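Order as written gives the chain letters A, B, C and D; numbering starts at 1 within each chain.
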Amino acid sequence: MSVTYLDAIRAAQEKALEDDPSVFIYGQDVGKFGGAFKATKNLAEKFPGRVIDSPISEDAMVGLAVGAAMEGMRPVVEMQFADFSTVGLNQMLNHAATTYWRTGRPCPMVLRLPSGGTPGSGPFHSQSMEAIYAHYPGLVVMTPATVEDAYSMLLEAIAMPDPVVFCEHKLLYYHLKAKSLPAEAVPAFKAHVARPGRDVTCVAYSAMVHEALAAADELAGEGYETEVVDLRTVKPLDTDTILASVARTGRLLAVGESWPWGGVSAEVVSRVASEGFELLDAPPRRLNAKDTPIPYHPNLWSAHRPTAVRIAEALREVLRY
Amino acid sequence: MSVTYLDAIRAAQEKALEDDPSVFIYGQDVGKFGGAFKATKNLAEKFPGRVIDSPISEDAMVGLAVGAAMEGMRPVVEMQFADFSTVGLNQMLNHAATTYWRTGRPCPMVLRLPSGGTPGSGPFHSQSMEAIYAHYPGLVVMTPATVEDAYSMLLEAIAMPDPVVFCEHKLLYYHLKAKSLPAEAVPAFKAHVARPGRDVTCVAYSAMVHEALAAADELAGEGYETEVVDLRTVKPLDTDTILASVARTGRLLAVGESWPWGGVSAEVVSRVASEGFELLDAPPRRLNAKDTPIPYHPNLWSAHRPTAVRIAEALREVLRY
Amino acid sequence: MATRTMDREVGKASSQAEQDPMERMSRAMLRARVLEDKLASLYRAGRIVGGVYLGRGQEGLSAAGGVALRKGDVLAPLIRDMAGRLGFGEPLVDAVRAYLGSKLGPMKGRDGNIHRGDLSRGILPMISHLGAMVSATAGVLLAKRMKKEKGFVGLTSAGDGATSTGSFHEGLNVAAVEKLPLVVVVADNGYAYSTPNDRQFACTDLLDRAKGYGVEGHGVDGTDPEACWEVVGRAVQRAREGAGPQLVVGRLLRLCGHGEHDDGLYIDKKMKSSDRGRDCMEVLRDQMKSRGLGKDWDRWEKEAQEEVEGAVKKVAEEPLPDPFEEDWRATAMVGAAEAVQKG
Amino acid sequence: MATRTMDREVGKASSQAEQDPMERMSRAMLRARVLEDKLASLYRAGRIVGGVYLGRGQEGLSAAGGVALRKGDVLAPLIRDMAGRLGFGEPLVDAVRAYLGSKLGPMKGRDGNIHRGDLSRGILPMISHLGAMVSATAGVLLAKRMKKEKGFVGLTSAGDGATSTGSFHEGLNVAAVEKLPLVVVVADNGYAYSTPNDRQFACTDLLDRAKGYGVEGHGVDGTDPEACWEVVGRAVQRAREGAGPQLVVGRLLRLCGHGEHDDGLYIDKKMKSSDRGRDCMEVLRDQMKSRGLGKDWDRWEKEAQEEVEGAVKKVAEEPLPDPFEEDWRATAMVGAAEAVQKG
């Protein structure tokens, strides 16, 4: 038996629905159909009235969740694709995210975003929007990279008193597998050293963790030990774990699948440069996607995003200094 | 006679309407009323049919401009406040910004955003959204800090073949004055050394340039010469000018009025750390607003945003290293 | 919601207040008008923090909503809803605190004025983005239904301009799909800031939209408080009975600028001098007088003045927000996170 | 727009094509159906880049729009508009190029399939966000009016689900305020992906929304191509005459899954076997036969098959996009900027 990343997301929602009567799921086609990616398969049958099909109204979907959360429920909203959350963004940034600050009362809700590129999905079904959400105050932004984290972090997200943006990577949905669901979890908001190494730190998150691990394998063959840090949560960012790693290696590459202006990689590099300047033996570097919309054709797409090959190249440059 | 920052914005629009029949203005109350801030005062009378009142429909306002731009016009859309552009964001990020890449045809339009904090305006009338727009590919993002730039950059923005997000600072509207409109302009996309200095570089933009200049004055009294770099345009970012300054000073503080996660200051620090590592004699630092919504009460607001006093403190820390 | 004590707040007065909605209307409207007049003069005196947006001329329509609601209901007021807030039971002193920036205000100086709200009383704190409160109010109602509460209603308002927002459309549509007990009161005052109706929509009457959403529609002369009470009251009743969302469109004018910084000179003079430009306060005063309640009216007005003066005086001595005492936290999770990391 | 050569593309055939719209309808629909059947089988064979979303069963309603438009008009197609595109003059080979990922396709492999467009032909390249094309099309029309063009029309389509988006609402409302010659054709196929109408809106008929926008409304049986031609044609005519935006609602079913990855099993069986589930191709074939054009129909079908096979064959040999030849520029300004910085 094995469990995919998608299974884990489904199972976490099932468990949350089971354990907490205030949890409900809202989204397009999430009901009987089980969602575009089947992340809510069978849940409507099992929890009647708590897995609700919404109209194609992202603003209202998030707005409705905000109201329900203010009233003590814990809504989990599924966007069909992260990219469509731009039309619900205002309710998330200006309503959900400001509620605690403005009123002192929590707004516990989760916005699930099927994120990231897959071959052939093009400019509007491939985006990674963590940087947009993380820039505004008031939100937690999670980007699980493993089956275990997909499960335990989604449960954490649902239990948390704050609005959480939960960025799931579509490329991991079916392919990433684990033996079973985890019994224990890495502590909330902690980054995780996915692979220890002493020569260079590669900070990554979501699907890029796997590219980074593959790059680390490649470099191992060349005699370099890469430490791969999986951020897990990009806001709040666990600077301590990153700095501890850079303290060991003296070198840093931050990788993000999103675009190069701003974003997680800029935040990581600039924190390390500010707070860990003396730990650095070489200029810290970033690697991101190219600064164009995400191409539809796989030939272009695979050149647009960071891959193990490009990460390995960038790591070599950091090491070469 | 003197010209305010707001006069300059009005004058630039007037000149563009005069010079180019394809320019038109679209926004809430921009017509006979002249706009919430009077940035289009008298323009409707002078250019009948070309300064058009829109319904309260930010998504459609931007969408309509995208269509008009595709058809060869050069729309200038005024948002009543930058903060409300979240509800028109999708059309800007996913429509305007992707048109050139997807079709090879330009989408020349300007989105004017009255941005930034003023006392008492609170969480929804104070935001600086440049980081959100700059993260997505396909947009130019301008943040003029002076009367001269407000004028010449807006003219440039309107003439440009690409969609431009033009972030005007409301705090500068009435108070910032110049003798006259400029006859010449700093070249497009070039940062400007607003004050030369040899001890530390302070990178800022928009209203923060003035806070930085005030801080530089204060430090001058203590014997330190601060070089203030006004970014002018945050995307594309003129890394060369920043690096040239850091090459002189060896020290960097990047200041932004927006929130601390991501944003311009992270982009600046991380570029300098990556590309100018050896130029740095001290850890580069950032200063931003606090990570909460922007407070309504002036007592809180003035502690929330970077001010000359806080910038001076941060500069001293950079110098102290 | 359990802690809301609407009755105590609305009428310190006789138990008659409980029976006669027009008395409650009168008192809410008078208190709103007197308070807003005071705020306007404080604004001119530079004593207000932030902008001042008044409900002058719209008190009848607004109050009707507040008065029609009861404990356990939810109100999502907009910028011209002082009367509705007071009618529903918002403490007048909270409004004053917001405008004067008192730290004891419902948002502690973090947000202000028209954005104030109090979730414990069922008053949602509006965000500025027009239309956004419709779906949020729907969400509160959905939650109440899921929690098996019964007989509750939610009411929110919108201007003619706000109906052009995608958010309004999505919110009302979602509420209709879910058949939620939501009343949306549209105050069609002919203008959105300076923009007249004919630049805002092309239908003859916003009420024509009700059918397209599959909701019940109610039109009312917004300058006639008795009619407002009747029509809004009926809409609230229909929602409470399970008839699904109700769209009320009241026609009136705002008898002031968009905000106190605005002279409102763009408002059509003919419209102003037409019936649509009547002052609902005068209409109600005459209605009450003709019911033999002229003396009560005067007393209520005097009480309102004393209450307002008292509140302003009291609040003027309250502490202002102090940045050093702020904890500057936008999320509640820090504590939880620390617990996890230590544990 | 000047370069568009619709006539050459639509009918290589007789000049009769110019006169008989039902012939043009037939040919557009046949070419669309044959092409989409081919795409479906190529999809199953793993030869398509990206997803495949078909217009099966909706060709009549879609084609009517394309055929009713003429040179100088603008079409903003959605995902089920192959027939409308072809009817308007989009080269069939461009569609094939998009699906097979040819570098010679209209978007050069940067964007694909249903998103293809060609501004030089007046075909807007849709973005995925539903509802977004309504205001963009309105913008094209506003621009044309400002440029003093005359007699043009813009047409865009939407599904029943897309009407729930704020973007649709804002776009149609803005077009109505500006009285633009915009035709919005809503294909009410009963479902948005798996979501049935009763979870999407609460009105009886989406046509009930026309009045609320102040636009003219037209209902039509979307399974009847002659009726579609008549009704959509009339709406286009009304828009062209200056009657402002037109809302057409066609009722039909999609006779396929949401995309080719989807079996569409959730579609109500009763609906399928009702008149609403008729295949408009069969309806039209019978209509043409009864007009004595059965043989022509067969010939057109054969021609379509040859054209499709030819196009697929041709495109299969075309080069694919090459990342090393890409210039990876999302803005046009780089050149200009360099000029400035050097100058």
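The rule we apply is simple: a contact is a pair of C-beta atoms (placed from the backbone, for glycine too) under 8 Å apart; a residue touches a chain by one contact, two chains touch by 3 or more.
Quantities reported herein were computed from a predicted structural model and do not represent experimental measurements.
**Student:** Mind listing the chains that sit against chain A and also against chain C?
**Tutor:** Chains touching both chain A and chain C: B, D.
**Student:** Count the C-beta contact pairs for B-D and for A-D, then tell me which is higher.
**Tutor:** It is B-D, judged by the count of C-beta pairs in contact.
**Student:** Mind checking the centre-to-centre distance between chain B and chain D? Centres are C-alpha means, answer in whole Å.
**Tutor:** About 40 Å, centre to centre.
**Student:** Nearest whole angstrom, what separates the Cα centre of chain A from the Cα centre of chain B?
**Tutor:** Each chain's C-alpha centroid was found; their separation is 30 Å.
**Student:** Can you work out the whole-Å distance between the CA centroids of chain A and chain D?
**Tutor:** Chain centroid spacing, chain A to chain D, equals 36 Å.
**Student:** From the C-alpha centre of chain C to that of chain D, how far is it in Å?
**Tutor:** Each chain reduced to its C-alpha mean, chain C and chain D end up 45 Å apart.
**Student:** Hunt down the residues of chain B that sit against at least two other chains at once, touch-wise.
**Tutor:** Those would be 54-55, 57-60, 83, 86-87, 90, 94, 97-98, 101-102, 123-124, 137-138, 290-293.
**Student:** Please output the residue numbers of chain C that touch at least 2 other chains, ranges allowed.
**Tutor:** 107, 110-111, 115, 127-129, 164-167, 170, 173-174, 177, 199-201, 329-330, in rising order.
**Student:** Considering only which chains touch which, how would you classify the arrangement: line, ring, star, complete or other?
**Tutor:** Here the contact pattern is complete, since every chain touches every other one.
**Student:** Using the touch definition up top, name the residues of chain A that touch chain B in the complex.
**Tutor:** The contact residues of chain A facing chain B are 59, 83, 86-87, 89-90, 93-94, 97-98, 101-102, 123-124, 131-132, 134-138, 235, 237, 258-259, 261-267, 269-270, 272-275, 277-278, 280, 282-286, 290-293.
**Student:** Chain C touches which residues of chain D in the complex?
**Tutor:** 164-167, 169-170, 173-174, 176-177, 179, 198-204, 206, 208-215, 244
**Student:** Going by the contact rule set out above, which residues of chain B touch chain C in the complex?
**Tutor:** Spelled out, the residues of chain B in touch with chain C are 28-29, 31-33, 36, 53-60, 81, 83-84, 86-87, 119-125, 290-293, 295-300, 302-304.
**Student:** Quick one: which bits of chain D touch chain A in the complex? Just the residue numbers, please.
**Tutor:** The contact residues of chain D facing chain A are 49-51, 101, 107, 109-113, 115, 127-130, 161-162, 164-167, 192-195, 199-201, 266, 320-324, 326, 328-330.
**Student:** Tell me, which parts of chain B touch chain D in their complex?
**Tutor:** 24, 49-50, 54-55, 57-73, 75, 87, 90-91, 94-95, 97-106, 137-140, 160-162, 187-190, 236
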